[in-house]
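Structures are listed in the sections that come next.
Look at the two complexes coming up: subunit A is in both, with subunit B in one and subunit C in the other.
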Partner chain A sequence: MELSAIIEAISSWAASEPRIYALIIGLIGAAVISGVINIVAMYVVWLERKVLGDIQARYGPNRVGSRWGILQLVADAIKLFTKEDSIPRDADKPIYVWAPIVASMTTMLVAAALPFGAVNIGGKEYPLVVANMDLSALYVEAALSVMTISVFMAGFSSNNKYSLMGAFRGMARMIAYEVPMGVCVISVAIMAHSLNLVEIVQSQTLWYAFAQPLGFIVFTVALITDLGRIPFDQSEAEEEIIAGYTTEYGGIRWGLLYFQEYICMFLGSIMLVLLFLGGWNGPNIPFLTPIAPMIWFFMKVLIVLVFLIWTRGSLLRYRIDQVTDLGWKWMLPLSIVNLAWAVVVGLYFA
Partner chain B sequence: MTSEPLPVDYYIPLIMFLIMGAIVPIAALAAVKIISPLKPNSRKLSTYEGGLVPIRDARIQFNVQYYLFAIVFVIFDVEVLFLYPWIYVYASEFMQRYMVFGIMNIAVFEMLMFIAVLLIGLAYAIKKEALRWV
Partner chain C sequence: MPSASDILSALQSAFPGSIQESRVESDSRLWVTVDQKKLLEIAKFLRDKQGFDHYSGSAGVDRMADNLMEVVEIMASYANHNIVVMIKVKTPRDAPSVPSLVPLFWNANWYERESWEMFGINFEGHPELYPLLLGDDLVGAWPWRKDFKGYPDTTTGKRTVERVDASGLTSYRIGLTDEQVDSGQIPQRIEYPTFREREEAHIESESEMILHLGPQHAIVPGPFLLDVLVDGERIKKAFLDVGYIHKGIEKIMENRTYLQGIVYTDRMCYLASISNNEAYCGAVERLLGVTPPERAQYIRVIAAELSRIQSHLLGTGEFLTLLGSATYSPFQYMIIDREDVISLLESITGARITHTFVRFGGVRNDLPDGFAEQARKVMKMVREKTMEYKDLIAADPIYRKRMDGIGVISPQDARDLGLCGPPLRASDTPYDMRREDPILAYPDLDFKVISRKEGDSAARVDVRLDEILESVYIIEQCLDQIPEGPVQEKLPKKIKPEPGEAYYRTEDPRGEMGFYVVSDGSDKPYRVKVRGPFYATFQTFTPLLEGVYLADVVAIAGSMDACTSEVDR
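Here is the complex of A and B:
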């Protein structure tokens, strides 16, 4: 039996029994994607240390696991697992304990609706997505911003002045950039006539980064702020407020919070690639036709990740008032200009 | 047996993802509880404040300016919520039947008015320095 015939049979069965199919795909997807994003996040951390090392003309990790240091993160994980697990006396214990868990649940909720590329079998593209809902762009954007709640939980429950300051800054930053980000997603949806991420990718014969460059710039800036990366990492600015909202966290609890940030960075890059950089669309690669979309997709994600690391290596941190000013006085009006552009193109040139 | 999946079916996997997202950190915390040493003392458990004894509680009354940000945010977030259903109807044939000034249909015109009012509000908030971080 041909592979494409098997997949056809499975998808026709899935259409007849959607609820059982959803249960099975949910179970398998939760296990597989949880493993994949954790391992990928480990190598995002490794990539960041290596690229930052190159930017600063030093080696980066080069001892554990060959001269490329590829097992450095395993060693770090072992260290974190064997460190003492202490909770500060003055902290709000339940909220303090739940903050990393809520962060992890949030990233998993984002991952549930994101397509992780596609495979091309028998001339037909099958996107690899668990919950292919009609409003997945709205859903992913909403779930990404829930991440700020865990930042606030961690900062507020620590009962530390630096943590609290970091939490306030994180919240102010999020609310300044949430609206421009939402308007950019809407502009993309106007051009694609859909809020489904798979349909948005399929409609991109011309990448939306070129169709609406202003929206691409605003969304990238809003994404960097949402991920809390330099130049917008005021919530954990180590030169001013020690470690921001993670000041009172240590050992594995800090490790979990730190790790969720990198998982978010990976998922955020996927979001940017899906909305603006054509997702898995790309020319066919000979001999690798079934996985050609995957190769294009992950190449684009890798480029976005290296770009995010590059900004960290070369830009300086803004003050918090500059960040909120930029969000309210520049990014919000610019995103509305981009919305008008998308409507004009959608109505008169489509 | 339905051939058309109900909207609720798309959300079933989310429950599993939510549970999986909780299991991973809880398992990690349980593993740490077993393998790592635990020797707490009073200094180790105190709050960090530059090496000194912490002065008072950290949860202070914060500036009222902070609420203004939150209120402006709520207003604009609701605006964005209105835009989401609008994108499905703005170019429909029904809307195209009613043109305003002969260049835009009624849905686009209404949204233009709506956003214009909000932008005037934003300009007012900026002019009144409500969005100035202190």
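Here is the complex of A and C:
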């Protein structure tokens, strides 16, 4: 096999010059990710508008770019870029300006450590990951919670009552759900004997969604909370506090804050698939062997995305005190029970 | 059950000499004119001894020819009997002043404030006589008095309000420049604290702030100001300000003929335009002394119930989007169902929203051909879908968590606050105008008055959904029973009722809709007073929202099914 010979040569070179190899991969990865992620997020928005439209007996976007409206989001992005950039007079200007930037940077930090599927060449799987670090599961979870800092920056600096309340709600929610989410990641790591996402995927002969169903449920709920989607979107509940922390943002600054939510949604779905749904594992597809793992992976991600969109069309919103109640009184104990389960079962199977 | 004449004789024996005039219109309507010094005692007597526990509203009337101002207090009973007593008090026009009923009935507050700002009638003992509907610059102009000549025209810079006085000369009452006012020239502005000052007087510590939910906000169905004083997520106090879309419909109707007035009743609340038509036409029919033919009565019932179904469907759907977000899909499904109901109404009336369908002594036209089959089909669909929505919200854990036990109003509180319509019936008080006042074909029809024991937000929505089912049942009976015959009584082309007055109530989708119409024998009404249902419900927001979470404002306020347009009129 010629292709595998090339890969072999690159691998042996990488083993001899690990730093230069990491640098090159990092540069290419950064360029690819920052481009691809934003376009994917645009199509996550498109998917949401289309699926929600269908749930609500509407059409959704159907004018710009064929009758499927596939260029609607491009038009929206152009509109946002050309809008007037206004900053409220009483805003805390540096923080106000930096909040959307911090938000975008956070998503990139998360994306750097996530494997986006794998390719199968010559019977060997090569995961597509920029930074394949040993602690990637923990790192991703930690980087995702940095997002809340940007929410707080935006809410605090806007000098607006609605924004401030939205920011406080976001913080309270994050603190209540980040802990059970972390415990669930640890439970998975215990079963997989590794915190490396690639190794976690490779160890899933039985999906962890079945091996630890409790953890799967808790993680899913915590993920929806982290993404700030209905029923946990108290930080931007328009019926109560207008638009929450984004109230004072306009133009492309608002666009960045809005987009990072959908980037997070995409990355969160990937996390869920990697940790609990067997990642890119799946039966081989004839004639498509090299990209079979990719097909399985993105099919699973798509299903998770549609599930997240479906919740938005059919669920109501919790009150903020009920959310924190649920987090501390149910999710945290349940995640600890799941941890115990993972330890016992993990030892048994080890 | 006592009748109106029993109440009158009880009044005459308890207050000899204080009952100046009286008229027993029917078994359930009593008109008395009483001495204004005795008003409080008489109202207390009626409330405590005769079971008149429902203060239904009040109206001011400017009797310029007699140099008098009248205040008409409308009192009824929730459960004891179905008599409505209209108590009139006369007061001299140059210094009008009557005792306030707020100490007896909490909900007299807004009615008296409105009479004060519109007619300048002083209510002695009123705790907060501030303008309600008018802007601050018009207070003191008393715009609904008969000699009022127009509003200050700020567009052209003409700052005066002209008023003809007794000598025939014009005097200028407000709209003077600030310098003239500052120099102490008469007239002076009436002094009262502004809305903002009244609000900020309640702030006690640094951690509290006032959050505006309106006039432009996602929860408000039309513009009104709901300010909440919050401490964190908890609400300490709520403040309401209305009048953002005050159209002065009552005054406009005084300047239009009786027939032209129907058009304005549509515009008060587009979700209940048939009920508003009905209430106005009913009152004028009482003045004219005509009864619509039987077929027209059935058609009016069908139209009113269809309009109730579409209003409840939209009200419930909108409310659910407030609890979730605009993406909550059952809202769209309800809109789709409502579409069929609206089409039915369109096939009868020719219009989708503002129907102007009911006429004095009948309706504008007969039912179209094939209406019965189409209506039966749609009613079957509405019934099935409504059952589905009931199942949906009964099984939704988040809905139950947000709604059960939120905004509980006890039956006694509901009566004291003067609620009406579904919010009242959700608090275990089966009070329905269709039962209380046997109008149209309702006495021949079999229907239940829906009520719930719980009194919380969930019960209010349940009442509405059950009322849809009940309306479907009523319409199906009407389709079976409707007789053949004419749909319009013969009336002269120019309608000129005898001098007199009438009060007529119907059950609006939001509750008790009453029209008080005074005739002076001309072709235009002398005074029209709208006793709107949501006006009564609306003023209870202030006490109901105290101490709840910010998110519960949506659950409580939304479950009342607001219609700002009708409040402001």
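What we mean here is this: the second predicted complex is superposed on the first by the 347 of 350 C-alpha atoms of A that agree within 3 Å, B and C clash if a C-alpha of one lies under 4 Å from a C-alpha of the other, contacts with A are read in each partner's own complex, and residues count from 1 in each chain.
We adopt the following convention: contacts are C-beta pairs under 8 Å (C-beta built on N, C-alpha and C of every residue); 3 or more make two chains touch, one makes a residue touch a chain.
Computed from a prediction, not measured in an experiment: that's the story for all the values here.
In the superposed three-chain model, the partner touching more residues of subunit A is B, compared with the other of subunit B and subunit C.
Of the two partner chains, neither subunit B nor subunit C is touched by A:Ser66. In the superposed model, A:Arg58 lies in contact with subunit C only, and not with subunit B. In the superposition on chain A, contact is made by A:Gly313 with subunit C only, not with subunit B. In the superposition on chain A, A:Ala176 contacts subunit B only, with no contact to subunit C.
In the superposed pair of complexes, A:Val343 makes contact with subunit B only, with no contact to subunit C. In the overlay built on the shared chain, the residue A:Gly26 is in contact with subunit B alone; subunit C does not reach it.
By the touch criterion defined above, A:Asp90 lies against subunit B but remains apart from subunit C after alignment on the C-alpha atoms of chain A.
Shared-chain residue A:Ile230: touches subunit C; no touch with subunit B. In the superposition on chain A, A:Thr205 makes contact with neither subunit B nor subunit C. Taken together, the two complexes place residues 161-162, 242, 320-321 of subunit A in contact with subunit B and also with subunit C.
By the touch rule above, subunit C contacts subunit A in their complex via residues 209, 211, 217-219, 233, 320-329, 331-333, 336, 396, 398-399, 401-402, 549-554.
For subunit A in complex with subunit C, the touching residues are 52, 55-58, 161-162, 165, 230-231, 233-234, 237-242, 312-322.
Those residues of subunit B lying in contact with subunit A across their complex are 1-3, 5-7, 9-22, 24-26, 28-29, 31-33, 35-40, 42, 44-49, 54, 57-60, 62, 66, 69-70, 72-73, 76-77, 79-80, 83-84, 87, 90-91, 104-105, 108, 115, 119, 122, 126, 131-133. Considering their complex, residues 15-19, 21-23, 25-27, 29-31, 33-34, 38, 81-91, 97, 100-101, 104-109, 111-113, 130-135, 138, 156, 158-164, 168, 172, 175-176, 178-179, 182-183, 186, 189-190, 193, 195, 242, 247-248, 251-253, 255-256, 320-321, 324-325, 328-329, 332-333, 336, 339, 343, 346-347, 350 of subunit A touch subunit B.
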